[in-house]
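Chain naming follows the written order as A, B, C, D, E, F and G, and within any one chain the residues start at number 1.
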Amino acid sequence: MITLETYFDFVILPILSISAMLVFIRLYKGPAIVDRVIALDLIITIGIGIITVYSIRADQQVMLDVAIILALIAFLGTIAFAYYIEKQKK
Amino acid sequence: MLFTVLAGLITSSLLIPFGKLIKTKWSILLPFIPVVLFLFYVMHVPSIAEGTNFVQRVNWVPSLGVNLDFRLDGLSLLFALLITGVGTAIFFYGRTYLKGHIYFDRFFGYLLLFMSAMLGVVLADNILTLFIFWELTSISSFFLIGFNNDDKSSRDSALTALSITGLGGFFLLAGLILAGNIAGTFVISELFMKHEVLTIHPLYPLIIGLLFIGAFTKSAQFPFHFWLPGAMKAPTPVSAYLHSATMVKAGIYLLARFTPILGGTDLWSISLMVVGGFTMIFAAVHALFRIDLKGILAYSTISALGVLTFLLGLGTPAAIIAASVFILVHALYKATLFMVTGIIDHETHTRDISVLSGLRKVLPPVFVAALLAALSSAGLPLTFGFIGKDLIYEATLHFNENWTIWLTLLAVLTNVGLVAAGFMAGIKPFAGKLPSAFSNIHLPYPSLWIPPLVLAIFGLAFGLVPGIIGNYFNHQTANAIAGIETDMHLKIWHGFNLVLILSMATLLAGTLLYVVNKPSSSKLQMLARFDGLSPQAIFRRLARGLKDFALFFTRRFHNGYLRAYHLKIILFAELLLAYKLWLSGPISIDFDSLTPLSWYEVVIVAILIGALYIIVSAKSRLASVVSTSVIGYCMCLMFVFYSAPDLAMTQFTIDTLTTVLFVLVLYKLPGFINFTSKTVLMRDALVALGFGAILSLIALRVLFEPNTTEISNFYGENAYLLAKGKNVVNVILVDFRVADTLFETVVLSIAALGVYSLIRLRLKSSEKE
Amino acid sequence: MIDNHILAPVFVQLFTAVIQLMFWRKTLTQRYLSVGGSFIGLLVAIRLFSRVYQDGILTMNAANWDAPFGIVFVADLLSVTLVLLTSIACFAVSIFSSIGVSRQRMLYGYFPIFHFLIMGLHGAFLTGDIFNLYVYFEVIIISSFVLMTLGGRKAQLEGAVKYMAMNILASMFFLTGIGLLYGLTGSLNMADLALKVRQVQDGTLVGITSCFFILGFGIKSAVFPLYYWLPSSYHTPPSAVAATFGGLLTKVGIYAMLRVFSLIFVPDEFTRTLLMVIACATILTGAFGAIIKTNIRRLFSYLIVCHIGFMIGGIAMFSKLALMGVVFYLIHDIAVKTNMFLIAGLIRQLRGTMDMDKLGGLYRDYPKISVLIALVLFSLVGIPPLSGFWPKIFLFQEAFLQTQYFFVAALIVGSFVTLYVIANMWAQVFWKNPPREEEVDDRFAPMQPYRKLLMVLPIGMLALTTLYIGLNAEAIVLVAEKISSQLIDTSTYIEAVLNKNNEL
Amino acid sequence: MELLLVLVLGLLYAAGVYLILRRSLVKLLLGIMLLGNGTNVLIFLLGKITKGSPPVIDESYKVFQDIYADPIPQALILTAIVISFALTSFAIVLLKRVYALVNSDDLDDLNTPEEEDL
Amino acid sequence: MIKYFLMNLLLSGIWVALTGSMYYTNFLFGFLLGFFVLWIMNRNETDQRYFYRVPKIISFIFYFLYELIKANVQVAFDVVTPKYFFKPGIVKYPLNAKTDFEINLLTTMLSLTPGTLILDVSEDKKTIYIHVMYLTDAEKFVMQTKTGLERRLLAILR
Amino acid sequence: MKSAILQTATRYLLPILLLFSFFLLLRGHYFPGGGFVGGLVASIAFVLHSLANGTASTMKILGYKPISLIPIGLAISTVSIMLPMLFNLPPMTGLWFEEPIPVIGMIGSALFFDLGVYLVVIGVVLTILFTIALDE
Amino acid sequence: MIDIILAILSTVGALSILFASIGILRMPDFYLRLSVTVKASTLGVGLLLICAAIMFPDVSVTTKAIAIIFFLIITAPIAAHMIGRAAYFTGTPLWKDTVIDQLAGMYNKETHELESNGGPKNSEGGSEPPNIAKSEEETE
């Protein structure tokens, strides 16, 4: 019988993992630095998803604390990149 | 005795604050120090003559076996008398010689230091104490040779002298320690009993080898002799005192002192005979070519030192008697000749014997002194030198049958040279016509010519009445050297025998040589063509070669390129670790004990590896930074998977901040330029992968090694009960291991201060250092 | 014995630094605080030393957790001796800095960081926990980076980059070693590790782990072939900073090596051979470098390398006698090397340069200072009976006992080169007249007398220390002997740390 | 899975070493950071990893009821990470100063000849 | 108005306390119950804005979710199929929204709806520039958004 | 570079992040968090503000130079560590109030220590970033 | 019942994320990639978080999940706006089939200020041509 646990393990997490891989390909390819930056941002977002699912699977809600931090401050990196990509051109 | 040794040291250090005072008429106090010391030692003569030895022991570093142990026996006393006696003459002479010199005080400071050191050497009853004073003589000699410090050749000579004697000193130290180790004591009087132990020890050759290097360098034996002529750059009193009468004899003293301890073997004798023999003839020949008075004296000194070494090598009682007398003979006439040279130099401003002549007319008392000394050096009957020479021939003639002729011939030839050299130095400047340039020369202060005259008269007196010195007390010197009772009977007249014939022949041949030999600068230049083969040149080439090699080596290793340093460090680490790993055998992996593999881990690791590849190959800085962030975030996820939420949080926040920082700084920088060739890249890649592989293998091995979890269990059990926290990692950070955390915040603070100052602080050019 | 106050030297420095931070930009106050703090630190260190000398090893269980569960601080004789010497050096440098460091640098935190550095050194000597040691190493590294770059010229930045890169590499090796050690034993307390390492089944792994410590501490203590950072950087910072570095930093590496290799890994045949090869190569490397350098600080840097070789050789021989030599040398070296760089600073003040080719005339113009300096220089050379001489006796003795003739030769070469370069330096700097008299930039003469005094006083103080070490060698030998016995027989240390005094 | 971490740490060390062998100061910095990460992974791995059991005691209990991850390596790595951050940030600023001074991040441009010694 | 909201929260809190169940659905239920009670009690008050606004907010949320899902499906379809159907462009959009908060909320909403993305706001905060994925006609897009999202949003806020 | 959207957002993100950082600080002893992460999050809040509004305006909010937080934080940590010595306990020993306090839990010297760490971290990160940002 | 809801929610969430990933990989220009990814991923993660909120009985988890969603919703558009604007600024090209670019030339080159009406007033070469790419190139 397919339980929710096995569903998470064999469907959801693989999908998320594959997504992360795909995004990484974009990060690898670029071509522009901004492409890499958004790829990075997306990887972190996917990371939040993975952590969420993982915390469900491991029955460890403390892991969600990590996700909070990711959600709150990940965009700082993106903003920093944006800020200085512009500054570089100036 | 301790006080006599320290007297000079203390006065010398007093001269640092009171130097100005002593430049005034108070300088008259200076010679009284050696005078008092001399009298002190003279008072000991009777008891020593009776065979008593004086011992004084003061603890200094007892746990090391280094103590201020002093012992006065015949050998020490002879040297102590020489040091203080000749010292007295030199102090009187020097006070006038250097009158008004701006560094008068420094000069006497060094001289006093030297006197102390020298007394220490000869009195020490502990080989390490002896060494301590030995080195001090080198140092004071260094300062005295370089006394005219604005003259480059003085400085160079001082450096050469110190290098040679210093290097010898370190060998000597090694030798002494080795001997002390084997014998189990550093006390000389105890070492006498260890003769057997030391001489049969397999390391015996090493001991005496090291000892010889020390003695030969100090006593200017071939091939280390060349520093001594250079040392003549020192003011003349110094040459007279250190470089003829006393310091250079320290090596002889050492050999003599160690004769009863280490001597008596073929190795010992033959080495000394070969080195001494070669040195004496080599230097005697060289002396004949000099035109500088000091040069002649320097080479004849070397030759005389060779003679002494040679005699100690012969090692028979006769030879030892000869040596113990010759030490005194030589000191007296050589010091005199040097002082005379000093006066000549002082008055005529030249020391070139091809220019000097007829000075007897203007400097009669000086001439008398010089004449007496020259005759003593020539071994004219009735002088002390005659007795010395007699004893030498006595020694060579009565050595081993097979060698007699050769050894005697060698001695004769050397003496012929020395006779000629002595005449060149003592008679030549005074003979002949007085050039007009020198006609208005006046006799200097008596304090300048009385000391040499006194010494010269002593040379005559001891010759006339050899018994007063020789039989009375000098045979105790010989006893001390030989370690047994010697049979010494010095007489003016031994009767008409082979020795006398040889003496006369020597004198005759020497006089003839003096008459025939006309040293000139052209001859000297001819000789200079062979300079390339001289030990000095060889040493110089060696030194230059060493310097070139040092330059090459230093440049090669420390070439200024950080990456090259890293490469060497990493390669060294790899070699070391790979070797160890290879020794440790194959690895077995217990797959069952591993945690199960999951999809997401593989993907995260794949991404991490991809990011690593981007960093390694990136052409753009920002792409590298983005990839570094990716690595950080992947690590963060790994930490989440493997139950480390605190780590994940910290890694993530810090990574984000680092990214911000990087971006803040990097946006100005241009893209990477690839400077490096493909081969280098390949090499580095191999090195890097090798390092990674080694680390992986090590980690793998350690991973399967069982360990105890006592401490982490303790933390788990007590985190809440005792430390009142449930997040054990945090409890560790703020309680169990709070010391780490406190100082970690200090690290952070320092970094912030550093950043602040690095950016803000702009020094004015005047403040830059 | 338990004593809750053994961290006092650390806290004194920490407080000094923190209070100075509160007086940010008040340079005069900072100067007073620095000298005052250093003085108190010195008193505290003396007290601690005498207590340990009399009562034996003192321990303190930080946060009241018994070893091996918490971090334990251990004051054994080796630690407190080094703490004492560091305090002496700190006091001297602190006085020197008040004149020898520019006001601009003080405005940007020179003093607090200097005290943090000293604090790190004290901590490193006193801790009994290997990871805690790592933390102090980092305190030392970061504060030395900052001191090195403070107001950086290009050369200083160059030096700092190289210093930084290689020292971080050293930390990496060290930390990796700690990780492996934890993996093998599950412990970090050094005394506990001493026991647990012996229980590790796979002995080769212990050997491998020890290599990481050799690498890490080897870089720290600048041995061949890991020494590059030292001659790349020590000639660049202000002299007061260079003095702290030259006197103390490489010695922490030696200290750590002594500690770790006596307590945790007792050197096996391979390690000893390796260390001996390293020692000989280090001596030669330092000697070669010293011969060719004309800048006195570059020359001193290589001399440091050379003399590190002496100590490593002693560790390689690892016997009571050899370690006595190492400890004695360590004591001597801290006092002398610190002073050497202060002297370099003074020379620069006197002449405006540190290049021997341009220097000269000091003996003519400043005879008394010259005599003072000569004393230090000849102590460095080891002219007997000055301080550098004594430890060589031990080293020679032990080298002969263990038939390490290469080491004997290296010792002779190293000693000789030291003698030669120092004598040459004397001839160049003091005897020779300056090649261009008109270019002499004497900044010392116009200084106010008390400032002159403040510059010379620390040099004199350290010289006196050196003189004491040399002339009263007996006292030092006794200390070295005790330390060496403790290093050879670590059971007292282990008992002192791990004693279950609750159960007694 | 431990083997994965073994691979990761090896590659981190390798990449770090490769980068510190380059001429660019930026790469040097990145290399140092990677070496730091490699060391952290090594410590983490050798503390014996476990999944899904953080060393946090459950709210309703006073001691652990189940196995839990070894907290010591985590605390050590936490300290190491913070220290690395301190060093890295200082180094990054050093990079900035170097760039301002020599107008490149090429380490060779930073080399100062001995003639410029004080 | 804030008074009502706080009152409502208090009521739902009391409800949770009374029932003793901390489960969030219980809180939600308590909130709705409280809203209903408040509405009943204050039917004759003049200020009825709170009671209008809450249903408006709820309906807006549903509107937004609907738009979100619809557009997401559209984009998802476009993403996975080989052919691209979109016609992207950057459109200038004059704002009715005045305050910072209004602008911010609007831009967030727009950005979160698939197919549109705020690139920038002009310096005088009168215009925003939107990147639109499916742009047939710029004017038409502006009109649709004005009457759709912006109007509804402003209705809640004002 | 100025972005109205970002500026408006930081107006409410700053308090949220600060609040969150306190939350992390206070609960560190029981859940993941603590002084380090708390301090980092707090400093990120200010960094974000400075990116949006310029460093000068952030400095205005802070009132003091961030560098002055460093000695304060260090002093708090150090004092909390040395306090036990007054009670003749080894330094760094944890001291606790008898009764737990609601929300925070047990109050002890560890919390003060963590507070010191928190302040130091904020001081450090802001000093570093602002110094660089102002050096343009 | 609840399991089925969870399965649906999680599947939709995961697929959203997958579409975002495919989008960022496939979309022809930067702006399209950005546009696709921001919302899809936010939606996806949001749904997964809702799953977590339902799975864990604690209120704290629910509040945490809501907090995360809230943070994502407010931060993601800001990040997108910032990076999009930076990209436009640095001349990241638009796709070749882009219909219109009303932003072209609206930025003041020196001050980076954005005009609102009537196009560029300052002379400076007048209206710039739209920044539409012919092909993808490395632009750094």
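As a working rule, a residue touches a chain if its C-beta (ideal position, glycine included) is under 8 Å from a C-beta of that chain, and two chains touch if they have at least 3 such contacts.
What you see is a predicted model; the values in this text were computed from it and never measured.
The minimal number of chain-to-chain contact steps leading from chain A to chain C is 2. Looking at chain A and chain E, the chains in contact with each of them are F, G. Interface comparison, C-F versus B-D: the pair with the greater number of contacting C-beta pairs is B-D. Using CA-based centroids throughout, the chain positioned farthest away from chain G is B. If you average the Cα atoms of chain C and of chain G, the two centres end up 57 Å apart. Mean C-alpha positions place chain D and chain E at a centre distance of 44 Å.
Mean C-alpha positions place chain C and chain D at a centre distance of 27 Å. For the pair chain E and chain G, the distance between C-alpha centroids works out to 18 Å. Annotation for chain E: residues 107, 118, 120-121, 125 touch two or more other chains. Contact with two or more other chains is made by residues 14, 21, 62-63, 131, 135, 138, 142, 145-146, 149, 152, 161, 165, 169, 176, 180, 182-183, 186, 188, 348 of chain C. The set of chain B residues that touch two or more partner chains comprises 560, 562, 566, 598, 602, 620, 622-623, 641, 643, 645-646, 649-650, 653-654, 656-657, 660-661, 664-666, 668, 695, 699, 702-703, 707, 709, 711-712, 715, 726-727, 729, 731, 733, 735, 737-741, 744, 746-751, 753-756, 758-760, 769.
Residue ranges on chain A touching chain B, taken from their complex, read 9, 13-14, 16-18, 20-21, 24, 27-28, 30, 33, 36-37, 39-40, 43-44, 47, 50-51, 54, 60, 62-63, 65-66, 69-70, 73-74, 76-77, 80-81, 83-85, 87-88. Looking at the complex, you find that chain C touches chain B at residues 14, 21, 62-63, 65, 68-71, 73, 102-105, 107-109, 112-113, 116, 119-120, 123, 127, 129, 131-132, 135-136, 138-139, 142-143, 145-146, 149-153, 161-162, 165-166, 169, 173, 176, 180, 182-188, 196, 200-202, 204-205, 207-209, 211, 214-215, 219, 224-226, 228-229, 231-232, 238-239, 274, 285, 287-289, 291-292, 302, 345, 348, 363-364, 367-368, 371, 378, 383-385, 389-390, 392-394, 396-397, 400-401, 408, 411-412, 415-416, 419-420, 423-424, 427, 430-433, 473-474, 477-478, 481.
The touching residues of chain D, counted against chain A in their complex, run 51-54, 56. The touching residues of chain G, when paired with chain A in their complex, are 3, 6-7, 10-11, 13-15, 17-18, 20-22, 24-25, 30, 33-34, 37, 41-42, 44-45, 48-49, 51-52, 55-56, 58, 60-61, 64-65, 67-68, 71-72, 75-76, 78-80, 82-83, 85-87, 89-92, 112, 136-140. Against chain D, the residues of chain C that register as touching in their complex are 131, 135, 138, 141-142, 145-146, 149, 152, 154-155, 157-158, 160-161, 164-165, 168-169, 172, 175-176, 178-180, 182-183, 186, 188, 235, 295, 297-298, 348, 353-355.
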